[in-house]
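Here come two complexes built around chain A, the first alongside chain B, the second alongside chain C.
Moving on to the complex of A and B:
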């Protein structure tokens, strides 16, 4: 008895955390047993076991692979482009006052507005193929990347910069020796935010004017009342973003153990 | 000399303003004199201004804005009413934190918009569907920021209040609330952004009125000036709301300004 109790005390956070999720799934699964839903509601209802069944079915017939591939390409290319553009631009904006002042109005305005408002325009310009999705993913992910790099550069110790300067370093060397290593934790945090935005871009981009991809799978399943398929898609997106954000987060905490986690800003 | 001083003082604002004016002018001139304008593909500032005047005077702009705001305000209010107490309980009671944290963190980290089509199908294309979507997206920043705020309350201060015979009420009003407010303000700013995503996705997906509907319909019918009017109005609202929250954050907790990453 005492060993059981001490075991519980030791592992309480895990037991309660996992237990709560398990309880929710159990309640969800058993709902049809103790509650007869009206016909209209039953149409929209599904259970975890049915979702798992649909997942297995779609995995076997290759649906998931087909749609995931399209989504993954849009995600990776868009995110890659946003790093290629956001990182250098953030570095330059952090180092140059004039450029910062010139570009700031656009960055603020574009960052405050959800980038998906541009989707109809992007579909008009780039068609309903993969390019409009890549561009919307890019547009979503580039700002967290840019802004975090910028904040990181701004927070670099002035003394260090001056020391390196005094020893005759040029701007490129200052960048390489002081600025880049010191802003790395911010950049990684920016990457985590960018991943979230990029996934949002993939999901929403594929909802509209699309014929492939996980977002399309969800949207078309919803219109056909295939609720279990909707949840399969949602679960895949959840799994992807959880794995990605958690791995970046562990990288983050390894790089910056001294930075307190004040707020969660996904 | 005066001019130079003035410039030095307001350099940032002046450079920003001039770059904005320059871009607008270049856009206008380029499409008027250099490149022939294809109205199905692009537009220019003067046409957007005309469309804005039409929309603002006789068109549906204000009506659409009102429709979207109503859904936004409903969803947002519910996320405040549910998110803040839930976050407070999680911060204050250890067992509640243990039970809820993994579940809610997983939901917060995942793209919940993915469920939008289902919500629209279940709750309809009107106010309810959009409000539920806004709620679902906006509630998490409130939960987690309130949670972090309560957690950040200095235990020393709590003990001081207790030692001097403070009641539970004093504890809440004098220690926990003040240390939580800046976090809630920051959470509100995040929630505004997420809530706007909810409104736009909901109205893009299926709606018959609202600013998101206006944008997507203008896009579908190649009326680019009107589409830009919608986008610009929405951007203005978003910038206004976020900047007000940012100012509020700085007023509430000046020592934290610039510390948090957007």
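Moving on to the complex of A and C:
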């Protein structure tokens, strides 16, 4: 009894967290048993077991693999490009007044515009294939990357810059030794935002004008009232986003060993 | 004694946007000999730190000439190093990596700089803390890292900008004694900016007293106390006499302007 109790005390957050999820799934699963839905609504209702069944079916016939592959490529290429462009651009804009003045109007205007308005144009230009998705993912993710890096650079500790300059560092060394490490927490926060925007870009890009991808799978299943398939798509996105968030968190904690305290983030 | 640092009629006015210009230094002239320990005291905002930053090469003066060994100072150089008031340690670097900073920027080979840094860490009494991060150290230890880092490149001139101001009184006394030992061993030229009359009197060969803004030299007092100096010396009537002489000069500046 005591061992059970101490086991519970030790793992309380996990037991409560997982237990509550299990409880909700159980209630959801049993809903048809104690509630009779009108025919119209029953059409749009599904249960966890049916979703699991649909998931298994789609996994076996290769549908999930096919759609996930297309979505993953659009996501990774778009996000990769946004890091390759946003990070260096944020660094130089933060350090150079000239470049800042030159580029700031574009960054401000483009960032203020909802990305979706470009989609029809992008589909016209790049077709309904993967490239229009890559571009919309890029357009969504590049700004949080750029702006966060920029803010990080702007917030660099001036004393530390002077310390490094006093040892005869050139601008490149100042960037490498102080500015970049000092901006890292901002850059990581930017990466988290960028990942969210990139996933959004994949979904929206595939909802409209597409013939493949998880977003397309969800949209076409919804038009055919295949609610269980819609949930499969949602669950995959959910799992994918969770894995990415946790990876960034572990990256963050690995890079932050020098900091006095870690704060809880979601 | 050969002249090491020479400041001739140095003047600097800051012109911040949307604010009145501030004259930090005006007609400031000072000669410091090789291996001399000179302290600068003066009211807040009198341009003491500005003078150090010009010497360091981070700021250029508007007028006058600042020379090191007869050559005009045009920018930072390996012949000078600063110990900063709030330590100025890179928080993401370990003690070892912080001490190596100057050597790394100079392009010194890894094994050589590691060897040199380890040597200085031992000298500073930081052995065993090589892989600690600054936030894990006490104030006194942080400034030992700051001192070791400044000494790592073996500069000719050591500039110290209120290096012990952030430390508690006992640590401060301890660090002063350690600094004197280091100075005695390395024979560096030291310019030491401080707010503490006692500290200036205890450490220096000469104490430069500056006037309130715009900063210029009010008086230079030669410290006649013998070396090596020890803590007991601070209790002697000569020492107290010296302190009150410095205080008398400084007092007028503090009271007149406020």
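Throughout what follows, the second predicted complex is superposed on the first by the 240 of 266 C-alpha atoms of A that agree within 3 Å, B and C clash if a C-alpha of one lies under 4 Å from a C-alpha of the other, contacts with A are read in each partner's own complex, and residues count from 1 in each chain.
Here is the rule we use: a contact is a pair of C-beta atoms (placed from the backbone, for glycine too) under 8 Å apart; a residue touches a chain by one contact, two chains touch by 3 or more.
Note that this is a predicted model, so its numbers are computed, not measured.
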* Structure fact -> So, after the overlay on chain A, do chain B and chain C clash or fit? They fit
* Quick one: classify A:18 as touching chain B (first), chain C (second), both or neither. => first
* Put chain A at the vertex: what angle do the Cα centres of chain B and chain C make there, to the nearest 10 degrees? -> 90
* Asked: Thinking of the overlay built on chain A, is A:68 touched by chain B (first), by chain C (second), by both, or by neither?
  -> neither
* Asked: Comparing chain C with chain B, which touches more residues belonging to chain A?
  -> B
* To do: Using the touch definition from the top, say if A:207 reaches chain B (first), chain C (second), both or neither.
  => first
* To do: Could you say whether A:167 touches chain B, chain C, both of them, or neither, answering first, second, both or neither?
  => second
* Asked: Between chain B (first) and chain C (second), which, if any, makes contact with A:159: first, second, both or neither?
  -> second
* Asked: Taking the superposed arrangement, what is the smallest distance in Å from a C-alpha atom of chain B to one of chain C?
  -> 7
* Contacting residues of chain B [partner chain A, same complex] -> 11-12, 15-17, 19-20, 41, 95, 98-103, 105-106, 108-111, 113-118, 120-122, 144-145, 148, 152, 183, 186-187, 190, 193, 196-197, 200-201, 204-205, 212, 215-216, 218-220, 222, 224, 227, 230-231, 234-235, 238-239, 241-243, 256, 258-262
* Would you pull the chain A residues touching chain C in the complex into a rising list? => 159-160, 162-169, 173, 177-178, 181-182, 184, 257-260
* Touching residues (chain side chain A, partner chain B) in the complex -> 12-13, 16-21, 24, 44, 97-98, 100-106, 108-114, 116-121, 123-125, 144, 147-148, 151, 186, 189-190, 193, 196, 199-200, 203-204, 207-208, 215, 218-219, 221-223, 225, 227, 230, 233-234, 237-238, 241-242, 245-246, 262-266
* For chain C, which residues are in contact with chain A within the complex? -> 53, 56-58, 75-78, 80-82, 84, 86, 88, 90-93, 101-102, 104-106, 133-135, 153
